[in-house]
Amino acid sequence: MAPDLLLTARNLTKKFGDFTAVDGIDVEVRKGEAFGFLGPNGAGKSSTMRMVGAVSPVTSGELRIFGLDPETHAQQIKARLGNCPQKDLLDEELSVEENLWVYGRFFGLSKAEVRERATELLEFAQLTERRADKVEHLSGGMKRRLVIARSLINNPELLLLDEPTTGLDPQARHILWDRLFRLKRQGVTLIITTHYMDEAEQLCDRLVVMDKGAIAAEGSPKDLIARYSTREVVEVRFDADDHGAFADSLSGIGERMEVLPDRILLYADDGDAATAAIADRGIDTLSTLVRRSTLEDVFLHLTGRTLID
Amino acid sequence: MLGYALWRFVLLRDVLAFKRMWWLFLSGFVEPVFYLFSIGIGLGALVNDVTTDQGMVISYAAFVAPAMLAASAMNGSIADTTYNFFAKLKFSKTYDTMLATPARPWDVAIGEILWSLIRGGVYSAIFFVVALAMGFVRSWWAVLAIPAALLIGAAFAGVGMWATTYMRSWKDFEFVTLVIQPMFLFSATFFPLAVYPESLQWLVKVMPLYHGVELQRGLLLGDMHGGLVVSVLYLVVLCALGLWGASRRISRLLLT
Amino acid sequence: MSEDLSSLSAEAPPAARHPGASRLSAGARRPLGWVERVGVLVAYHWVLFKRTFHGALVSRFLLPVLFLASMGLGVGSLVDESSGGVDGVPYLIYVVPGLVMVTAMNVGVGEATWPVMGFIKWNEFYRAMLHTPHRVLDVLLAHWVMIAFNVLISAGAFMVVAALFGGVDSWWSLLALPVAVLVGMAFATPLFVVGAKAANDSIYSAVFRLVITPLMLFSGAFFPIENLPFWMQPVAWATPLWHGVELGRAAFLGGPVPDLWAVHVGVLVAYTLVGAWFSVRAVRDRLVA
């Protein structure tokens, strides 16, 4: 395999009993890139991440991380990996810095190393002031930041982030994105799952859209938007409960239309022109809003469903 | 306001929870029975006869049986009004939901204590039947044994609930163990007061369980004496004190 | 991919600033040996131990001593008065080894119930350990080492107090300590299976009420099991506590080595190992699915 491929998955499958959580996906992640798994609840993102983290056995297919097979080299893989799981898994009885120390020691790092790195990472996660507090008393977002800091304690080459910013306030999210950018510049490879479109667009060089255990599309955010959507979208709302009733009156405007319970989306390269067309037809809307196309639209197009409902 | 008697709903909730876990609740009676068979009969074979503090000579098992009846009444009501009460108070937030309805803290306390008494009463009754079948009941006075067990239960329930309102975390329950276990072991339960040096006997007599044990021993053996009046009074006063304290604290705790 | 990992550790910079430096650098990292793996996890339990130690003093040390005073001295005086002791020794001397083993059982059980469910189900910290270079076996072994240590110091502390009460009269009694550790483990490892499989902790109330309490009372700790109805004796033979009590009593009395000592040890070891084997499987099923 090519030396710069940190992860390759071929026909990777995960079953729980009869239920297929991950259904034969093919993925490659190169050294230094930020790769995203985007998908709704239950898509199989976490199941994939756990296999990649070498904590959950592969049901079938082939998986290599750093070129190693997790079935036989789990310890070697985990030594080089940072894992920020979806659930925090902190020891709430211990203090913030104790959590970092203890975890670092699990990797066989010396006391001095652990202390040095913990100090840096507390700064990184903006938790220096809370270092001596019991984790129990932190807010949800602070715990999340601590988990991310903890996942970096062993100076990982590959960092797995399963919904890293869930529960963070907008400011904390932006700061975290900035930190993750810096890590990437330092050469750390990132694999991120999220169901936030803006996060995927901000962070990921390349991503796959997952749905029901399978990959629905793959590419850079820009590619995907270009391929599966138009440049702009007009969101039209009516003063009515059933937006489906208005679909006919709008047909022909833009290239494509999606009817949602609370609005109708019109896909058009020129949003203003589409808005003008609606006005020309004399249709009485509650509001019209022109915006840029996002991954949300890609997802809607691919699966016929919104991501967060 | 009292007309609502909303404690009935608190009680009802406990009964419903009981239905789901009935085997666990019911099996609570086995502990004193195990002690009776083990210490009373197994170890009793090495002891032969004991002379009670009233001068009666009886088999060791007959000596231990009434004590177990009293101890099980204590243990049952302490479990319900400390551990279980705390779990509901802090974790399942059962009471917060209840207090969103017109139920008042007082209803909560009454409901829980009644429930603990029902449970304790059932345990006592089962134990009593076992003791009766094995011939450890010697007198018609024993018809008062179950009411006496309820009195013991009520005395500990109020105090237990009161103490629980001061608990901050599970760690504080070490104190409950610290009070209950010595009482269980040293209230003339397994050996008469006469075994203690004179200087320690007053300490035993201060413990509420000692009075419960004395009362049950008197009733089951038909050995009625003036000291039992003191024991009953002690338990009644403790019961009143416990209820007073618990109701005061609960209002403050739940209505914040 | 053909990286030979063992050779890589040899290539690591020899004079690194910290001895473990190669565990922070890019590329294959110096692997942890078996002892080191268990060691770093034990170190974590040690942190917890130091933190919770004082909170457990009452149930660990005080309760056994209260039992000693009540049974050994109080009930003992009745026994000695009426039948001159048991098997020719005062009751206090008779009951102390029984209480050592009961203490060992209680500590083993206490450490293997709620705390285990915490690691598996509540804070799921076992999972966090599995995200680092450790396997289920490492995680459990480390926990067991710590439980064994807990049992050892609890049983040891109890023996010191018992000696002050006059309940120990031979140096051979020290042989009861390894037995106590075995007893603690014979109860602890099977309970890990319960912790991994149970839906919630209400099962433990039943375990205590229906298993641990009767075992304490009917396993020959307080009186010879010959005093039990004949059908109950085989039940006692099947329980680890009885075997521990038999061995412990022989050690305390400094008497002849029991004929069946190998059977007693064998039963305790078997409980421990079978429990360990099933708990590794159960925890793996639960956490590494």
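Quick notes
Chains: A, B and C, in written order; residue numbering restarts at 1 for each.
Throughout what follows, contacts are C-beta pairs under 8 Å (C-beta built on N, C-alpha and C of every residue); 3 or more make two chains touch, one makes a residue touch a chain.
Every value quoted in this text rests on a predicted model; they were computed, and no experiment measured them.
If you sketch which chains touch which, the chains link end to end in a single open path, with no loop closing it. With centres taken as mean C-alpha coordinates, the chain found closest to the middle of all protein C-alpha atoms is C. Spacing of chain A relative to chain B, judged by their CA centroids, is 56 angstrom. One inter-chain figure worth recording: chain B and chain C are separated by 32 Å, centre to centre, where each centre is the mean of the chain's CA atoms. Our note on geometry: chain A versus chain C, Cα centroid distance of 44 Å, whole angstroms. For chain C, residues touching at least two other chains: there are none.
Listed in rising order, the residues of chain C touching chain A in the complex are 1, 3, 5, 18-21, 23-32, 36-37, 40-41, 43-44, 47-48, 51, 123-125, 127-135, 287-289. Interface residues of chain C, counted against chain B in their complex, comprise 55-59, 62-63, 66-67, 69-71, 74-75, 77-79, 82-83, 86, 91, 202, 205-206, 209-210, 213-214, 217-218, 222-223, 227-228.
The touching residues of chain A, counted against chain C in their complex, run 1, 16, 53, 55-57, 64, 66-68, 73-76, 78-80, 83, 85, 87, 89-94, 98, 102-103, 105-110, 112-113, 117, 154-155, 157.
Contact residues on chain B toward chain C in their complex (touch as defined above): 21, 23-24, 27-28, 30-31, 34-35, 37-39, 41-43, 45-50, 60, 171, 174, 177-178, 181-182, 185-186, 190-191, 195-196.
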